[in-house]
Amino acid sequence: MKNVDIKILAVILFFVTILYLGVEPFAHSQMHKHIDDADFAYDAKGDNKVLLEQNHKQIDDFEEIKEINAKEIMKSKKRLQELEEFDSEEFRDFWIQKLENQKQDPKYKDQEKEIASIDKEIVKAKEMEVEELKNVKTFFMNNYKNMIDQENFLSKKIDQKITDAENESQQQMDDVEFFWNEAEYIASLEANISNGKKLVQMSCTGCHGISTEGILAPMDDATAKMSFGVVPPDLSTSGKIYDKKFLAALIKNPIIAMNLEHKFDNMNPHPMPPFFGAGGDISEEIADMVGYLKDISKDVTLSDKEVFINACARCHDVRYDGILGSKNDQYLAKYMGSIPPDLSMIIRAKSKQYLRNFIYNPQMALEGTAMPRVGLDKNSTEQVINYLESIGDSKKEERERVILKIVAFLVFIMILAYLWKKLLWRELKD
Amino acid sequence: MAEIKETNGIVDWLDERLAVRKLAKVLMTEYWIPKNINFLWAMGIVLMVTFMLLFVSGLMLLAYYKPDVALAFDSVNKTIMQDVGLGWLWRHMHAVGASLIFLVIYIHMFTAIYYGSYKKTREIIWITGMLLFVTFSAEAFSGYMLPWGQMSYWAATVITGLFENVPLVGEDLLVWLRGNFFVADATLTRFFMLHVVLLPISIMGIIALHFYSLRIPHVNNQEGEEIDFDEESKKFLDGNKKESKVIRFFPDFLSKDIFVLCIYLIFFFLLVGFSYNFAMDPINFEPANNLKTPAHIYPEWYFLWSYEILRGFFFDIPQGWWIGLDFLPKIPAMTIGLLAFGFANFIFFLLPFLDRSKVVAPAHKRGAFVVWFWLLLIDMIILTIWGKLPPEGINNVIGFIASMTFIGLFIALPIITIKERNKDKREAK
Amino acid sequence: MAIDETKRKVLGWSLGISALAGTLGGLGLGVKKSFDPLPSVLEAGVVSVDLSALTLNKPTTIQFRGKPIFIIKKDNMNFVNEKRDVKIGDYFYSIMIGSCTHLGCIPAWKQEKFVCACHGGQFDSSGINTFGPPPKPLVIPAFKIQNSNIVLGEVGPEYTKLVNS
């Protein structure tokens, strides 16, 4: 008896495990694309991977056209060869057949004039001298040769396009690589904080406030939203929550730094212009500005919620925690394409790792998304995720505590049940 | 008129009025169960208890749930999950319970198939059981709509949308069913009505019928042995408990069941606390949005096998191609899928009549039937897994082959079992 | 005696059957009636759009059966696709459901085309997918032409023609 029970249990567990593995991990691995885990290095790796993928897709399309073309070339060559092998009479039959076929073409349906001219040609073909037929045959063959030339040319042109696409993509990737290498270089420079202060107050405070330094934003929120779509962030805490390298990159070129090339370009500029320099060495100037921002926020400690408000709440609501700014913001909707989602329950809609990856590089996780790369460093990202968990899954701790109590009770009952069963069955079984 | 005599305590008092002693005997202490069984025979009690857990947790949820498209999502995810004391416990129990009850139903079903417990005088047990499966399916589907998340909404849209393919009245039927041209407030409130009133009451009624239908044919046993319950119970009452082939429902049978039940409940609550994700699709934590379709739409795991049969026929079939009548319109893939879907859900009801062999025995003693059994199980697991995968490329082909296999197995069943019967006859001679 | 027995049976069965049929039939009709869409829902299910009031060469968005519908009135033949657009009077009209065929986001009108903000898909002014992930053109909803109005929610011959072409 006992053995049977164990055998059955093993069979059930085996099938249930297969079922579970198939429906959960396996199915999900098939449905969602694999994303590299965020390393917060702020370099060209992720962006270039996306670029490379786009390039591959483009090349695949070209290859497909090329393959179709290659088949056409084969067909034309075969026809040419057939034609070459015909003697005059065979050619005559071929020609007449071809004209007859032409007549059946739906294109000529009800076009009496056209059909009459084809008929005339058929008569001509039937009566033609052998010598003359040879000329027509040569004419036909030349036509096919021309066609093959054209198809070969197309094939070369596609090759050229593939090379161009590859080169262009390589160029883009090199640019991105160069850009982030430079950001790394800037981040490694020694900062002159007082010069940074001067530069920031000269270049940034036209739009941004720095409340801890007593600098107010030049516009009230409503006007700022109307002008920019979103309120430019206050810079008091930027040095604290954003990565140093990212800040340097952002000041240098916001579009590449935030990875918004698909939304903004020279014709359609981002509200924040790149920093063009104040006359000195531009890299050093950027380093000074970043140094200043880091300096004014070095003693700040931010709660998880404060990090979220600084980094995310200008676009995202958390209605379960009373963060309600974006819900009916028409300017934001216009700027982002739609109202960015409320994040109250996002911790349960996505995994923590997905959120980490998404915050670090939105384009890699969801190609084409309107969300910019915000540049949070590793620590701040964790703070944001902790905050989201505290809102979306606030009972985690209580849940684990209560369940363990219930399980402990059940184990106690199970032991009693086992003893009771043993006692009862002693007189039922041999 | 019964004889009036002095009552001796509360039990006596009740016995005189309600015959409780007789009742206890009939239902418990002299309700006979075969001795030769294994833990699979505890699944009935496990199901009953899971249903009770669902009922109680459902009552608790009902206290704060709001069936209104504007309020439903937040009433579940904010009020119940985060504000109501232990609200999360009720919700997780309800979700995990809904998922597990199907797992146990499937185990219960396959047990019955394996041991031939649907045969001879036990047909009604099987049919009421299948009725329970169908009502539970409806209950699960209507309940899944209530949190009003993205998957609630789009699963409801896709599944109610199936009715559009009913010939002639399809479009009107769909609008009537939804109470709107799309899944909307009217749809939510009527499915709420079904979920909390009509279907639970039906389920309780059918459970009673299911139990009652066991009374005359009695519970099957591990060998399919035909037991003379009168004789064996007499042996038991005379004290030959070891020799007797039967045991009492209470306390002997239940003592075993309660032990199995405890193990199951420990598993249940561990899932509730630490691994509820499998029962709550992450996409359903995004509020329903009729303007935004999720990337993948799929039902909960327990519907996947029949969903895959629905999708398995992914190409239109030209009718009459074998007789050269090419001009007839093609039968759309959807219609074939729908027919196959109907077949898959209905064919299980007919199992007692498709199996033409009269022998009640475990599958491993029935020759070809054991192969049929494992093929069916494996095919349904394949259908379940491929039911979740996106319908593209090779997945379509696998889904189609698995669907055809499913249908083929049920066509083959009478043939296999008739052969089995003939062989038994020959051997008997 | 025998006749009485027969009478009793006939009458009993008549009572039983008619009571059952009447009750079930009545109940069925009752359920059918009260599950029917509300008058307000039915009213909103057929929308008539006055074409003369539309702005030229720009989409007008109408909420219809839970979905946005774009209608563009065109006078520039360069933007007309006869397989997708319908001619009424002097103008061509493109009518389509404004829900991206990729993942159902609502595309926005930008520089003579529809651009989907979610994943960058693009459709031309006749709803043909021209760029990005969308697998097929925007869907044309059922419509009927009535004088100078388009009635959404009813099937007209012009709609059938467009769908079949």
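Should a chain be cited, it is by its letter among A, B and C, assigned in written order, with residues numbered from 1 in that chain.
The rule we apply is simple: a residue touches a chain if its C-beta (ideal position, glycine included) is under 8 Å from a C-beta of that chain, and two chains touch if they have at least 3 such contacts.
Composition by chain, UniProt nomenclature: A = Ubiquinol cytochrome C oxidoreductase, cytochrome C1 subunit; B = Ubiquinol--cytochrome c reductase, cytochrome B subunit (EC); C = Ubiquinol-cytochrome C reductase iron-sulfur subunit (EC).
Everything numeric in this text was worked out from a predicted model, so none of it was measured.
Common partners of chain B and chain C, by the touch rule above, are A. This structure's chain pair with the greatest number of C-beta contacts is A-B. For the pair chain B and chain C, the distance between C-alpha centroids works out to 37 Å.
Annotation: 34 Å between the Cα-based centres of chain A and chain C.
Inter-chain centre distance (chain A to chain B, centres taken as mean C-alpha positions): 42 Å. Touching of two or more other chains is recorded for residues 105-106 of chain C. Contact with two or more other chains is made by no residue of chain A. Within chain B, the positions touching two or more other chains are listed as 295.
Within the complex formed with chain A, the chain B residues making contact are 35, 38-40, 74, 77-78, 81-82, 86, 88-89, 92, 103, 107, 222, 241-242, 247, 251-252, 255-256, 258-259, 261-263, 265-266, 269-270, 272-274, 278, 280, 282-283, 285-287, 295-296, 301, 304, 377, 381, 384-385, 388-390. Of all residues in chain C, only 105-106, 108, 117-120, 132-133 touch chain A in the complex they form. Against chain C, in their complex, chain A makes its touches with residues 262, 336-338, 366-370. In the complex of the two chains, the chain C residues touching chain B come out as 32, 35-38, 41, 45, 65-68, 99, 103-106, 153.
Of all the residues in chain A, the ones that touch chain B in their complex are 1, 4-5, 8-9, 12, 15-16, 18-20, 22-24, 26-27, 30-31, 319-320, 341-342, 344-346, 348-351, 392, 394-395, 398-400, 402-404, 406-407, 410-411, 413-414, 417-418, 420-421, 424-425, 427-430.
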